[in-house]
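Next, two complexes with chain A in common: one pairs it with chain B, the other with chain C.
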Partner chain A sequence: MSAPVLSVRDLKTSFFSQRGEVQAVRGVSFDVHPGEILGIVGESGSGKSITCMSILRLLKSTGRIMGGSANFDGQDLMALDQGDLRDIRGNKIGMIFQDPMTSLNPTLSVGEQVMETILRHRKATRAEARARAIELFELVRIPSAAERLKSYPHEFSGGMRQRVMIAIALACDPKLLIADEPTTALDVTIQRQILLLLKDLQKRLGMAVILITHDLGVIAEVTDRIVVMYGGLVMETGPVHDLFATPKHPYTQGLLASVPDLRDDTHRRLTPIPGSPPDMAHPPEGCPFTARCPHAMQQCQAALPPVFGEGQGARCWLHHPDAPKVAGVNEVAA
Partner chain B sequence: MSEPYSSLPTPGKVSEAPLVSVRNLHKHFTVGRNLFGPKPTLRAVDGVDLDIYPGETLGLVGESGCGKSTLARTLIRLYQPTSGEMLFDGTDVAKADERALVPFRRRVQMIFQDPYASLNGRMTVRDLIAEPLEIAKIGTPESRTEKVHELLARVGLHRDHANRFAHEFSGGQRQRIGIARAIALEPDLVICDEPISALDVSVQAQVVNMLEDLQDQLGLTYLFITHDLSMVRHISDRIGVMYLGKIVELASNTDLYRRPSHPYTQALLASIPVPDPTATRPSEPMRGEIPSPMHIPTGCRFRTRCPMATELCASTEPALKDIGGGHLAACHYAGDAVTPRAA
Partner chain C sequence: MPTYILQRLGMMLLTLWAIVTLTFFLMHAVPGGPFVSEKMLAPEIQAALNAKYGLDQPIWAQYITYLKGILTLDLGPSFKYPGVSVNKMIADGLPVTMRTGLLAVIAVVALGVPLGIIAALNRNKWPDTTVMLIATIGVAIPSYVIATVMLYVFALRLGWVPTFGLDNWRGYILPVFALSGFWVSFVARLTRSSLLETFEQDYMTTARAKGLRPGQVLFKHGLRNSLVPVVTVLGPVVANLITGSFVIEQIFALPGIGRQFVLSITNRDYTAIMGITIFYAAALMVMILIVDLLYAVLDPRIKLSEASA
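For the complex of A and B:
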C-alpha cells in the first residue's frame, strides 16, 4: 500500500473552563490513504468534529491539543506555526462543513469567494482566477456557471450553497478533502446529488477524503474504510464491507442493530443500545462503553482496552486472547 | 373535491370511521411586502385530503418545507385553516371557536422535534408533566403527583426524576418527559413532529420502541412526521407522501415501498442511503430542486422535476385517486402499466 496522505497518532484534545477539563479527543489514531474515502462515524459528542478541527489546528481558544501528531505531506501539522498552516488549509487540504451559510461570507458574491481562495494560494491574475471559478462551478454542476458567479449566498438554496462550498474546497486541487457532515442539513434527494457528486469528483481528481457523518447509510454508500468513534476514542476501524458484515466491537454491533432494515417488512422490534453516552467531563477509566455494553466484564471497568487486530481493529477486551468466548463477538455464531 | 365528506377509499384492514377526516385543507401565509399589489401568498398547505383511522400510525414524509409541520399545526388548530374541512371524530373543528374546541384540545396532543426547546427549563419534571392536568383542572395536587409518577414509569423514567429540572437530562430522557406530558390527558390522537430527529441513532430506537408500547397499552393513534424514510417504514401502518403542500401518494407501508406509484415517491425512495455497502443503487440522482411554495407550478406540482411529464401534466392537476386497494396517488399516469415515455 502506498504511504498514507495523513497519519494521525495518539491525538488528544481537551477543553478547559471553570467547570474543569472536557476530554473531547482521548488518543485517536488513523491513516488516510491516497484516493480513498475514509468515513468517521459516531454519535453526537463522540469527538468527530474536534478530531478534524485539531488536525486543521482550528480549535477555539478554550481548546488545547494535549498530545499526538498528524503527519501530512511529510510535515507534522501539530508542529507547524499558524502561517504555515494557512498555506496548507484551503490549499493542500480542502474543507467543507455542515452549514454552508455560516462558512460563506454573506456580503460577498459567491464568485468573489471562490476567486479569493484561488488568488490567496496561487499566482494568478483576476481573469485567470475568474476562468478557474467558472470551471469549478461547472465541475460541481451549478447551472449557468458564469452568471451565477455574481449571486450572493442567500440567493442560493442549501444544496446550491453546498456546491459552492465544494467548489471553494476544490479550488486549489487539494490532496485531502475534509468534509464534516456535508449533507446533514440537506434533503435526501439533494443529499444524494451532493454525495454522488463528491464521489465522482474524488475518483476523477484522485484525492483522499475524510467524510464525517452520523448516518450509517451515507457511510455504507460512499466510504471505503471507516473509523467508529465513541467517547473520544476510535473503537473500531476497518474496510467498510468488513465492518458492516462482521462488526467486532459491541458498540459497532449495537449501532448497526439499532437502525431499521429498510427491506424488512415484518415490523421487527428495534434493538436499541440502552442508556446514553458518557459525559466527557468525567470520562470513565476503563472502556467508555462499559455502562451500555451487554458483555461488560470486570476488566472493562478497570482498564481501557487497547486495539486488538490488524486490518480490522477493535478496542475491546473481548478480543484479548484470554477473554471468555461470546457468540457473535469473538466467536463466530453457530 | 365536490362532495367534501364523501369517504376516500380505505385500505382493506381498517373498516371503522376515521378519527380525523380532512378535505381540501389549505393553510396559506401572506409574506413579505409588495407596494403595487396584493402581498404574495405562500401556500404551505395547499389542498390536503387525508383520513386517519383510530389506532393506526399514519406516517407523513416529504422534504423540508413541503408543509408537514404546518399541516400538523393546522390539524391541532394551532393555526386556523385558510379553507377546507376538518372533522375530528365526526365533529367539524375547522371553524370552531376556542370554547367549542375545549374537548378537542384534550383529545389531541403533540410531541415536538426539539426536546430542549419545547420544555421550560425552569420547571421541575413533576410540574411539566402535571401542567396539562392543572390546565384541564383534573384532580388534586396529590392525585396529580400520583399520576406523574405513573406516567414517569410508563415512559421508563424513575419517580425520583420528578423533582429534577429538564436540563439535567439527556436528549432521549427529555423526549421521554415530552411524551409523558403529551399522554397525561389520555389523548386519542398524538401528532409526533420529527420526535426522534434530534436524537442519536442508538437512542432513537429506545424512543421508537417506547412509542410503540404506549400505542399498544393506551390505544393511541399517531400521525408520525419524519424525513427518515427508513424509520417511517418501520413505525407506520400507512404512509402519506407530501410535496409542495399536497399529499401526492398514500398507501400501506408495504405497498408504498414495493409499488411506489408517484414519480416523486419513486425518486424519494431511490435517494435513501441504505446501510448496506453491498446494496446496488441507481446511479442517477433526482434532478432539480423543490420550487418555492410561493410559485407552485400549474398542473401537476411535480412536473418541473418529473422525468415523465407531458403536456397534460402542465395543463391539468391530477387528482388523488385510488389505483387499487386503497393505494392513492396523484399522478395522471400512476397505476398505468406503461408510462408515456417508456411506451
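For the complex of A and C:
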C-alpha cells in the first residue's frame, strides 16, 4: 500500500464553556490512502465532525486542539502557521459541509463563490476563473452552467446547492476531499444522487475522500474502509467488507444490528443500543461504551483498552489474548 | 424597480398629505395663535393681522389655501418674522444643520462601524471591553450633558475650541461630537453584535475552508451580511441628524432649523411649524426609501416588488 495522503495521530480536541472542558476528540488516529474513500461513522456527539474540522483547524472560537498531529503532504497540519495552512485549505484539501442551505453565502452569486476559491489559489484572470467555474458546474452536473453562475444560493434547491459546494471544494483539484455528512440535510432521493456523484468524481479525479456520516447504508455503498467512532475515540477500523461481515467491536455490532433490513420479513423489532453516549465533560476512565455494552467486564471500567488487531483493529478488551471467550465477538461460531 | 420607486413616491405623497392634514388641524385646535402674546395688541391691529394672514377665514378655507400653496412648493410667509417666507427660513437654517448633521453622519459611519468591527474581532479582550465601555457611556449619557461638559472643559477651561458659532473648523468639533456621540455608540454596539452573529454562520466556516485570507473573510463574507441591521438604523439616524437637533443647536447657538422648529412652536408660527414638519417628514421618508433600496443591494434575497410596497 502506498504512503497515506493523510495520517492523523492521537488527535485531541476540546471545547471550553462555562461547564468546563468538553473532550470531544480524545486521541484519534487513522490513515487515508490515495484514491480511497474512508468512511467515518458514529452517532451524534461521537466526535466525527470535530475530528474533521480539527484536521483543517476550522473549529469555532470555543474549540481548541489539545494535541496530536495530522500529516499531509509531508507537513504536520497542526504545526503549520496560519498562512501556510490557508494555502492548503480549499486548494489541496477541499471540504463539503452538512447543510448546503446555510453553507453558502446568501449575498454572493454562486459563480463568485466558486471563482474566489480559484482566484485565491491559482494565478488566473477572472475570465479564466469563470471558464473553470463553468467547467466545474458541468462536472457536478448543474444544468446550463454558464447562466447559473450569476444566480444566488436562494435560487437553488438543496441538492443543487450541495453540488455548488462540491464544485467549490473541487475547484483546485484537491488531493483530499473531506465531506462532513454531505447528504444528511437532503431529501432521500437527492441523497443518492449526491453520493453517486461523489463516488464518480472520486474515481475520475483519483482523489482521496473522507466521508463522515451516521448512515451505515451510505458507508456500505461507497466507502472502501471505515473508522467507527464513539465517545471521541476510534472504536474499530477496517475494510468495509470485513467490518460488515465480522464486526469485532460490540459497538459496531450494535450499530449494524440497529439498521433496518427491508429484505428481512420476519417482522422483528429493530434492535436499538440501550442507554445514551457518555457525557464528554466527564469522560469515563475506561472504555466509553462500557455502560451500554452487553459484554462489559470489570476491566472495561478500569482502563481504556488499546487497539487490538492489524488491518481490522478494535479497541476492546475482549480481543486481549487473556479475555474470556464470548460467542459472536471474539469466538467465531463453528 | 422604477415601478417600485414610483409606487413608493406615490405612497409618500399620500403620507405627506395625511401628515399635513393632521398637523394643520391639531395645530389650530391648540388655544392661542401667532398674534396672541403677553403684550396685548389692540383688537383692531389683531383683526388686521388676522385678515392679512387669512386667519379670519373659516378653518377649512385656510386649509385649502394652504394645500394650494404646498402644491406650488410655497410654504407661505412666516407669521412671526414679517417679510420672511418659510421657504427662506428653511433655506437659511438648513445649510448649517445639514453641514453639522452630515459631519455627524460621517462620524457615525466612520467611527461606529470600525469600532464595532474592532470590538467583534477582539471579543472579550481589552479592545472590546474598552470600546463597549465607551459605547455604553455614550448610549447612557444624554447628549446635552456631554455637550455641556465638553463646552466647559474644551472651550471654557482649555480654550481649544470656540464656545459657539461655526466660524472655522474648530467650531464644528463639539457640536458634531455631541450630535453623533449617541449614534456612534449605538452603531458600534450594533455592528459588534451583528458581526459576532455572522461569525457563527456556516458560510463563514466555508469561507475559511476555502483558504481565503482573514481580510477577505471579514469584509467580503462577514461585513456585508452584518450591515443590514446597521443600514436599517442609519436611515432614520441620517434623517434625524440632518434635520437638526434643537438641544444641540441651542447649546452651541447654531442658527439651524432644529432650533427654528422649536421656536416656531412656542411662537405659534403656524406656517413655520407646518413647513418644517413637512420638511422633516419628507426627509425621513426619503431616507427610509433609500434604506429599502440599499437592502436589495446588500442582500439579493430581498426583491423589491410591487407587492411589498
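Just so it is clear, the second predicted complex is superposed on the first by the 333 of 334 C-alpha atoms of A that agree within 3 Å, B and C clash if a C-alpha of one lies under 4 Å from a C-alpha of the other, contacts with A are read in each partner's own complex, and residues count from 1 in each chain.
Methods note: contacts are C-beta pairs under 8 Å (C-beta built on N, C-alpha and C of every residue); 3 or more make two chains touch, one makes a residue touch a chain.
This is a predicted model, so every value here is computed, not measured.
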Message: For the combined arrangement obtained by superposing on chain A, do chain B and chain C clash, or do they fit?
response: fit
- request: Give one of first, second, both or neither to describe whether A:218 is in contact with chain B, with chain C, with both, or with none.
  value: first
Task: Tell me which partner A:208 touches in the superposition: chain B (first), chain C (second), both or neither.
output: neither
Message: Taking the superposition on A as described, I'd like to know which of chain B and chain C A:86 touches: first, second, both or neither.
response: second
Task: Based on the superposed arrangement, let me know which partner A:121 touches: chain B (first), chain C (second), both, or neither?
output: second
Message: Just checking: does A:106 make contact with chain B only, chain C only, both, or neither of them? Give me first, second, both or neither.
response: second
Task: Would you sort A:258 into first (chain B), second (chain C), both or neither based on which partner it touches?
output: first
Task: Pick one for A:152: touches chain B only (first), chain C only (second), both, or neither.
output: second
Query: chain A residues in contact: does chain B have more, or chain C?
result: B
Statement: Superposed, chain B and chain C have a smallest C-alpha gap in Å of 5
- line: Residue set of chain A touching chain C in the complex reads 56, 58, 60-61, 86-91, 95, 97, 99, 102-109, 116-117, 120-121, 152, 154, 165, 168
Task: Could you please specify the touching residues of chain B with respect to chain A in the complex?
output: 63-64, 170-173, 200-206, 208-209, 212, 227, 229-231, 233-234, 254, 257, 267-268, 270-279, 281, 283, 285-286, 289-290
Field: chain B contact footprint on chain A (complex, rising order)
entry: 43-44, 157, 159-160, 187-193, 195-196, 214-221, 240-241, 244, 254-256, 258-262, 265, 267, 269-274, 276-277
- request: Provide the residue numbers of chain C that touch chain A in the complex, in ascending order.
  value: 123, 199-203, 205-213, 216, 220-221, 224-225, 298-301
